[in-house]
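Dropping the structures in below, format is structure tokens.
You will see chain A twice below: alongside chain B first, and alongside chain C after that.
This part shows the complex of A and B:
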């Protein structure tokens, strides 16, 4: 009897010690994991998204504080503003100055441009016209919804930007964008060597990086300085109106004429591209009515070819 | 027969084209504007600045003067500005055309200052060997300009702006008539003109109708600019703040919970359903572990 009792007693003590070790070890492990996670989160918050890039032979030393500042303010945007863009198709003569200004500003290859002047034609007996098409900077951007790493984002002033230091090159956003506004740097960017030492500016997306997305930035760096976007000021034909929706005013990039946004949209029967998708674009178009310059014959042929292609 | 007919058609259309082109060239410049001369001497510095502006704002259609690279597909054809037709015109006429524009040619009234427009004229004149600059227009006496007083009154109920202009005339500061007054609202990229340009009456007054629906800041304040231009007294500009706008506070566009927003601002249904799914899984995991424990304990109990 006594033997049994001691046996039982021993057994319960062993069990108790076993359980103690299990629980104690478990809680130490769990506590450690939580502590290190908190530590990591804290560190991440203090100096956001920084990488020191060692490239080939030279170590790139980046000014940590300045870089984080550029990325921080690039993410926040300009308070109290809601940028709005109006493109007057009646004025476009396919001068393509917007495209070259854009390429120059963002160090793009000749075949790349955040702004494209397209030749459009709806059906066989409707006229062809030129249509400049930038990113629509949607208020409900599908590209941002699908980004798995928070590399592309929308700011409080409406601009949709890309942070190529975070981009992993998955190209989900290209697939998601109904306006075909994004492109991928498949090969080394044009000025890869020259720009290597440049501090990354998210509002200019410079330096461009191979294996990441590049897109229209609404010239966010210029907006900060109170200047109109590169493409808008480069246009010789008065196609672009740009302004702040909160002020209800837009300014023409060519003539610098300023007028009421609501009036301009109302009087000219403005429309948006594919509003049925619910993307809520920040770009408005004025119909190509009363054009002074006809579409070139070769462009007309190109347009009708597409019409036939889609009709067949 | 057909060939002749075709030739006729060609001849006719050529004549028609000439007629259209000829009509397009008649660009009447008011006599007083035509007589205007530059108040600045056309020196090398002026020419150089003019060249920069020209390259930026004019060359895309007109091409560089004397090189014949103007865009001929446009109607009317923007002339090469070194041409005789252009150079025969007075400085005042060229200045006027740059200022107001016509048809496809934009007005540079708002994008270039008067001095910049004269710089462009200076650049264009450098392509004319025979050009001799006429006597300079005199710049306005600064003492006279300083005597000009602008006294605005803002009627926030009727949405009217009344501006009284006074200036020192002969012996005393008196209301100034015949002064051109324009009103603007300051905006981020440029100034919005309000109403039209008005000329002061005998009692030196002008009245502007202010729109009732123009957004102001959070309390409805707008920054106003009054520009005054008088032949004798020159140009001046004053800035004021008035409560003439509609109070506007628009939240940032990233305020709403949405799919595309940051993690914290994800849609509520998404947060709730996510937490529900995670919670349910944990609930069942814990239940399974507890059940296993119960089975084990039950198995050990010799009584059962």
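This part shows the complex of A and C:
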């Protein structure tokens, strides 16, 4: 009897020890795997880095050596700047010069509009108005969050860019963007042949590439030269104010008048597009108050169609 | 070994081999596949512009197809793992059919997603430059894991059967005998070998449950992490998973019917088995119905600005005919019909299952496309083809290609290995 009991006890002890060894070994293996993965990640990051985003929530790092000089500075952005955009809806007469200037600069097809002037109307009894809509260059950009390969990124100066040498064409960013700010090169780009030998400039996104995304770049190439964006300079009606949030100054693209940003926003009751989504846009709108030119009849129809579409 | 077991082995090994029917069927599939691949070559040359996709509806039937494939591949987990681990004995003969379907759909799902890529040549960038924040990276990781576990879960329990093939099928071509010899890994049916397999399978059965849940939950997050009305939902994970069981069960029913007829397995894939899996289809459909009610009724009650337009298009607008056909013909009506025993006989059940699986495919269409058709801001200053999505012929051909591939994989597997696990069937017969 005693023997049997010790036997059983031994057996269960052996089993316990076996299991202990199994679990222990397994944990060591798993821990080792995680540790080596972390070590590898660390090593991968051992080369010099660029901090792409000042926003502490979105710190990304990129291998510096793998990129060309244009790519390097394009991903870095312009230190010390926080570009900001103010669009005065009271001034917009739908001249669409911004659209064509942008299409020319970026070699876009007519149906590709980084900057798109929309006819909007809030409800049946409110007036229609024109609303130029560029990329909102969000500080919490949904497109950047979902990109699987770091092809689209946020720079320290606030600009959201796209690297078409990296883009795999999954179009997750298009799905994620609530502002429809992104376009795709569904077929060979307009000047594919002419631009073939150009060195790729990520700040201009030229040459455009088939099967990759294209989007509003806030004319990052012009900002580097100290000039206003293409669309902003092209506007004949004084719609656009552009400037640096850090300096609290914006300049009008048409009149070249300079204003204090905070004052402009406060005096005119500025707002953002769909702030409730938490995207934190870098584009502000001034309400369409006291417009001098009415909306065209056919545009009004488009606008009311949109209202009914939502109210039905 | 008694006479009855002898008969089981002979009956289940008989369909193996590549006869005339097999060759004709495979040639037909190959020809169809080549035609579809030609469509893909055109897409590679010209770009995704050959599809109906444009900047507003930029995900279309490729993505719907991908979701359908991932969904259907979940059935292996339900039948082998959930029913297997809970010792629900009637389902055990179906485990292999379910695993074959799972493996075929999961393996091809990866190809479906590549057909949607603008730059398939950069596919490996996902591994070179992958960012852990992106749900696409999660999806790639879990789908790959699922394919590996599904392969093992098909293979491990099949080793004794492969050994039987090795010992019994002496008339087959030399390469096939070699294949059995290699894959049977010197199986001698010893106690020790049986124990190893039992433990290995049990581990896999437990492992596959979280991985299967993960693949479809993560697939649902490709949509749910966005702000768009119709996708911005917190129940998308379970909504997708329960929907997956519906389409997967229907796929198993169709496969059961076909194997039963063509391989003359009437004695083993019994009328009773159809009755039972018919009940299973009712159960999973009821759970899915519950999630549908949650997914649509709650936003309808509130009619938030952006949701309202989306729901209106589904219920009364452009997608209404499709929506109600899918919800009634592919979900509600099957539930009601299958409550009656005569409807769970093989042929009626097959017909219901075909309706269910077609409904399941179009349900994915309804999840993907209408939402993209209704962005927050109006669609203006673009040509008409940008405003309304209409799949092109080339796009449809490229969507059919993976379905052909799945049929080919299932055909080859079912002609090379026994589609029913011989041991399980034997123990059933003994009872």
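In the analysis below, the second predicted complex is superposed on the first by the 245 of 312 C-alpha atoms of A that agree within 3 Å, B and C clash if a C-alpha of one lies under 4 Å from a C-alpha of the other, contacts with A are read in each partner's own complex, and residues count from 1 in each chain.
By definition in this document, contacts are C-beta pairs under 8 Å (C-beta built on N, C-alpha and C of every residue); 3 or more make two chains touch, one makes a residue touch a chain.
This one's a predicted model, so the numbers in the text were calculated from it and none came from an experiment.
Novice: Sticking to the clash and touch definitions up top, decide whether chain B and chain C on chain A clash or fit.
Specialist: Once both complexes are aligned on chain A, chain B and chain C fit side by side.
Novice: One more residue to check, A:167. First (chain B), second (chain C), both or neither?
Specialist: In the superposed model, A:167 contacts chain C only, not chain B.
Novice: Report for A:150: first if it touches chain B alone, second if chain C alone, otherwise both or neither.
Specialist: Both partners, chain B and chain C.
Novice: Quick check on the superposed pair: does A:208 touch chain B, chain C, both, or neither? Answer first, second, both or neither.
Specialist: neither
Novice: Applying the touch criterion given at the start, work out whether A:243 contacts chain B, chain C, both or neither, answering first, second, both or neither.
Specialist: A:243 sits against chain B, while chain C stays out of touch.
Novice: Between chain B and chain C, whom does A:71 touch in the aligned arrangement: first, second, both, or neither?
Specialist: Neither partner.
Novice: Please state the minimum Cα-Cα separation between chain B and chain C in the superposed model, rounded to the nearest whole Å.
Specialist: 6
Novice: Which parts of chain A are touched by chain B and by chain C alike?
Specialist: 142, 145, 150
Novice: State the interface residues of chain A toward chain B in the complex, per the touch definition above.
Specialist: Touching chain B: residues 77, 79-82, 93, 95, 97, 139-142, 144-145, 150, 153-158, 226-228, 236-238, 242-244, 246-249, 251, 254-260, 292-293, 296 of chain A.
Novice: Please output the residues of chain A touching chain C within their complex, sorted ascending.
Specialist: Going by the criterion above, the answer is residues 60, 99, 111-113, 116-120, 133, 142, 145-150, 166-172, 174-176, 178-180, 182-188, 210-212, 274, 277, 302-303, 306, 309-312.
Novice: Show which residues of chain C lie in contact with chain A when the two form their complex.
Specialist: 46-49, 53-56, 58-59, 116-119, 122-123, 125-126, 128-131, 133-137, 140, 222-223, 225-228, 305-306, 308-309, 312, 317, 372, 374-383, 386
Novice: Using the touch definition from the top, list the residues of chain B that touch chain A in their complex.
Specialist: Those in contact with chain A are residues 57, 60-61, 73-75, 101, 103-104, 106-108, 110-111, 185, 187-193, 211, 213-215, 248, 250, 252-255, 258-263.
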